[in-house]
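Below: the structure, in structure tokens.
As written, the chain order gives the labels A, B, C and D, with residue 1 at the start of each chain.
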Amino acid sequence: MFEELKQRVLEANLLLPKYSLVTFTWGNVSEIDREHGVVAIKPSGVEYEKLRAEDIVLVDLDGKAVEKGLKPSSDLATHLELYRAFDGIGGVTHTHSRWATAWAQAGESLPALGTTHADYFYGPVLCTREMTKEEICTEYERNTGKVIVETFREIDPKDVPAVLVHSHGPFAWGADAGSSVENSVVLEEVALMAFAAKMITPQKEVMQDVLLEKHFCRKHGKNAYYGQK
Amino acid sequence: MFEELKQRVLEANLLLPKYSLVTFTWGNVSEIDREHGVVAIKPSGVEYEKLRAEDIVLVDLDGKAVEKGLKPSSDLATHLELYRAFDGIGGVTHTHSRWATAWAQAGESLPALGTTHADYFYGPVLCTREMTKEEICTEYERNTGKVIVETFREIDPKDVPAVLVHSHGPFAWGADAGSSVENSVVLEEVALMAFAAKMITPQKEVMQDVLLEKHFCRKHGKNAYYGQK
Amino acid sequence: MFEELKQRVLEANLLLPKYSLVTFTWGNVSEIDREHGVVAIKPSGVEYEKLRAEDIVLVDLDGKAVEKGLKPSSDLATHLELYRAFDGIGGVTHTHSRWATAWAQAGESLPALGTTHADYFYGPVLCTREMTKEEICTEYERNTGKVIVETFREIDPKDVPAVLVHSHGPFAWGADAGSSVENSVVLEEVALMAFAAKMITPQKEVMQDVLLEKHFCRKHGKNAYYGQK
Amino acid sequence: MFEELKQRVLEANLLLPKYSLVTFTWGNVSEIDREHGVVAIKPSGVEYEKLRAEDIVLVDLDGKAVEKGLKPSSDLATHLELYRAFDGIGGVTHTHSRWATAWAQAGESLPALGTTHADYFYGPVLCTREMTKEEICTEYERNTGKVIVETFREIDPKDVPAVLVHSHGPFAWGADAGSSVENSVVLEEVALMAFAAKMITPQKEVMQDVLLEKHFCRKHGKNAYYGQK
């Protein structure tokens, strides 16, 4: 069942090695079918070269298997928490991409320093707070999701479709699996650029608000005018 | 019409992914036919893998479509402003290449630190001033071009065929579409080298004037002696 | 003899260029057959493109040739010292991979800054002390092994399956040749990430102990729940 | 004539793009036939993809053409100066490789920080002094060679087969064209590693003398024991 969903999730997962966002099996992409309440996600620890559409795992929003199959990604509970809390999203990607992970390891939010960032993220990509011992020791993956949701208490997740989990790495989301990967690729690019800009001018803080708004709205929302129609 | 022009602009655009200067569709190259007052430019948001010569958009110097076709790059107005102000140029390239963009995001001009730079740029590659709120909110892309032109008030754009737009990224130009891409490639190389040199010796300012002149003139102008004939 | 062992060691060695861990012939992988007391290792100075299974050299734990063949890697004595001291390991890899070597050259241990590190290394990847003149001038390669073993006096080499040899570069190990290469790949990734994180936040020291433990134990030991089964 | 010499020089030049040491035509390799006093070098400004053995230019030690052909590399006079002053060398390579050039642009010698460096360079790779106005304005390329030779007044060029020309980039040499390229590859690797090590531990100066000597002599000279025989 859900063959098209599986196929889309397979293809989105295969974009991770294509864009050099993963080493070995360190990444996973999922997509939700909101109508049927079904989430399709990469199986745990399976190599990308060997991944086939039929390996993609189907679960419901509580993480219960929808059909017999492989074990889902160990990060499933984080994906589910995001789908439950963020109504408008349809796909989630997690990677340990180098430069975004470096910012997460530094425990620093990624500042909006230029229009490349502003084209996709309407403000800084925030770094979550450190998790408590309790959050880490019980239901760790689910609590990872909860801490992400907490970070977006006053931010629309569609305005900033990514986050840096403290001491861990990035999660990104989008309308579907493919666009969550696209946002992951952009995040990695701007993480490198912001690293280099910070080294060149350590005191640099952020770009102008008006330029940030101009670029985000040039590509998103009702007044967007980028692309073909 | 203008099949050869379109073909040249197509090929120049395809150099951007070849030299790893673009992610997704973040770049565009144009060329002007001065005799007929026609500019050929990449269409907006079209993927490089799918780009064909017939997709290249033809406009006049006011940006009016010369034939029925796709929507031109959203940066068209910047290209046009450069063609209007800089008589001697025939091609323009815009990218968000990593290291050049990092300097633009840092709001710093790229200093001339070595002969690789001097072979192509006769002085620093300047970073433009920040644009005003008014410039950003009305005719943003055209004003981007005007701020570039303002930056070159006392510099010959043929001596330094590139610029860093503040908080945005690089534009480069040349005799035709292909040479504007070539200058973009060089800019990216020297942006990385200058980054590294600045990290090694933060107090380093610039190279010797006489060496800068020697190298620029070895490749450009009437006494050039680099290459065959 | 030992054709399967040679084949495995060949394949593990060929992973080094695949993962961009070596330039020229700067790396070597070995595996031990504990039952027969035989170690298979790359021959010295042979190019990877030309390496065949029959070129792999067989020696006993004293380094004596088990059959007529090529000269073993000049680092053989270091591998043997590790096999003698670390009971539980079956494969060893040595490279001069860029970012791990940079940390070794800086003489700094690689701090545990994030979950990518914690998934494989249960604590910092230590840098050995500088060797004495005597250790360098006599039985240098064997003494390199001894200094590594000394560094692990109070650490289980299975908990942290890698080390940085001061002013030299990384050694990693694992259950077999292949897993020692896998640990080398991970080490290189986390060495780059830790470099970048340190540049972003120089005062950053380490990640939370509880998160380190959570991630290491998610993948290793009896309560591991990563992967299929 | 000298078909084998041309073929070797062609192949050595083609290693430059293979090892990502050049952009466009920014590099050149030569080899000398000492018996006949003939130097074979890359022609000026010819693209690597189009380079054929018959394009390689033959000159004598005064730079006079030995046969009708293309114009030699504009850096020819530097190569010739090195062949005249350094008896024992047979090949010379010049590139603008990124990290070595960054050190040259910083005006800093590349310190010996680890065994990767020590395996090829018996001490720091020195940065030349800045050239005087007179040296730059008259016979610039030849004077570049003279400043390199001056830098080696008290160093055997076989002990440190490379140099960083101030504000310019690296030259390397070896027994033949191929080994001069090999040394250029190593130089680029250690330039990146030394950059990173310096960022991690800015106060780090050099490696132990005894370790430097051990590694250099393990690969070079009469007591070398690396490789097959």
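To be clear about the criterion, a residue touches a chain if its C-beta (ideal position, glycine included) is under 8 Å from a C-beta of that chain, and two chains touch if they have at least 3 such contacts.
In UniProt terms, the chains line up like this: A, B, C, D = L-ribulose-5-phosphate 4-epimerase.
No experiment lies behind these values; they were computed from the predicted model shown.
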Q) Steps needed, at minimum, to get from subunit A to subunit C via touching chains? A) 1
Q: Work out the mean Cα position per chain and let me know which chain is farthest from subunit C.
A: B
Q: Taking all residue numbers used at the subunit B/subunit D interface, answer same if over half belong to both copies and different if under half do.
A: different
Q.
Between subunit A and subunit B, what distance separates the C-alpha centroids? Give it in angstrom.
A. 33
Q) So what's the Cα centroid distance for subunit B and subunit C, whole Å? A) 46
Q: Mind pulling the residue numbers of subunit C that touch at least two other chains?
A: 195, 198-199
(Q) Taking the top-of-page definition of touch, could you list the pairs of chains it picks out? (A) A-B, A-C, B-D, C-D
Q: Using the touch definition up top, name the residues of subunit A that touch subunit B in the complex.
A: 113-116, 182, 185-186, 189, 192-201, 204, 207-208, 210-211, 214, 218, 225-229
Q) What residues on subunit C touch subunit D, complex-wise? A) 23-24, 26, 43-46, 70-71, 74, 96, 98-99, 101-108, 130-131, 133, 136-137, 140, 167-169, 195, 198-199
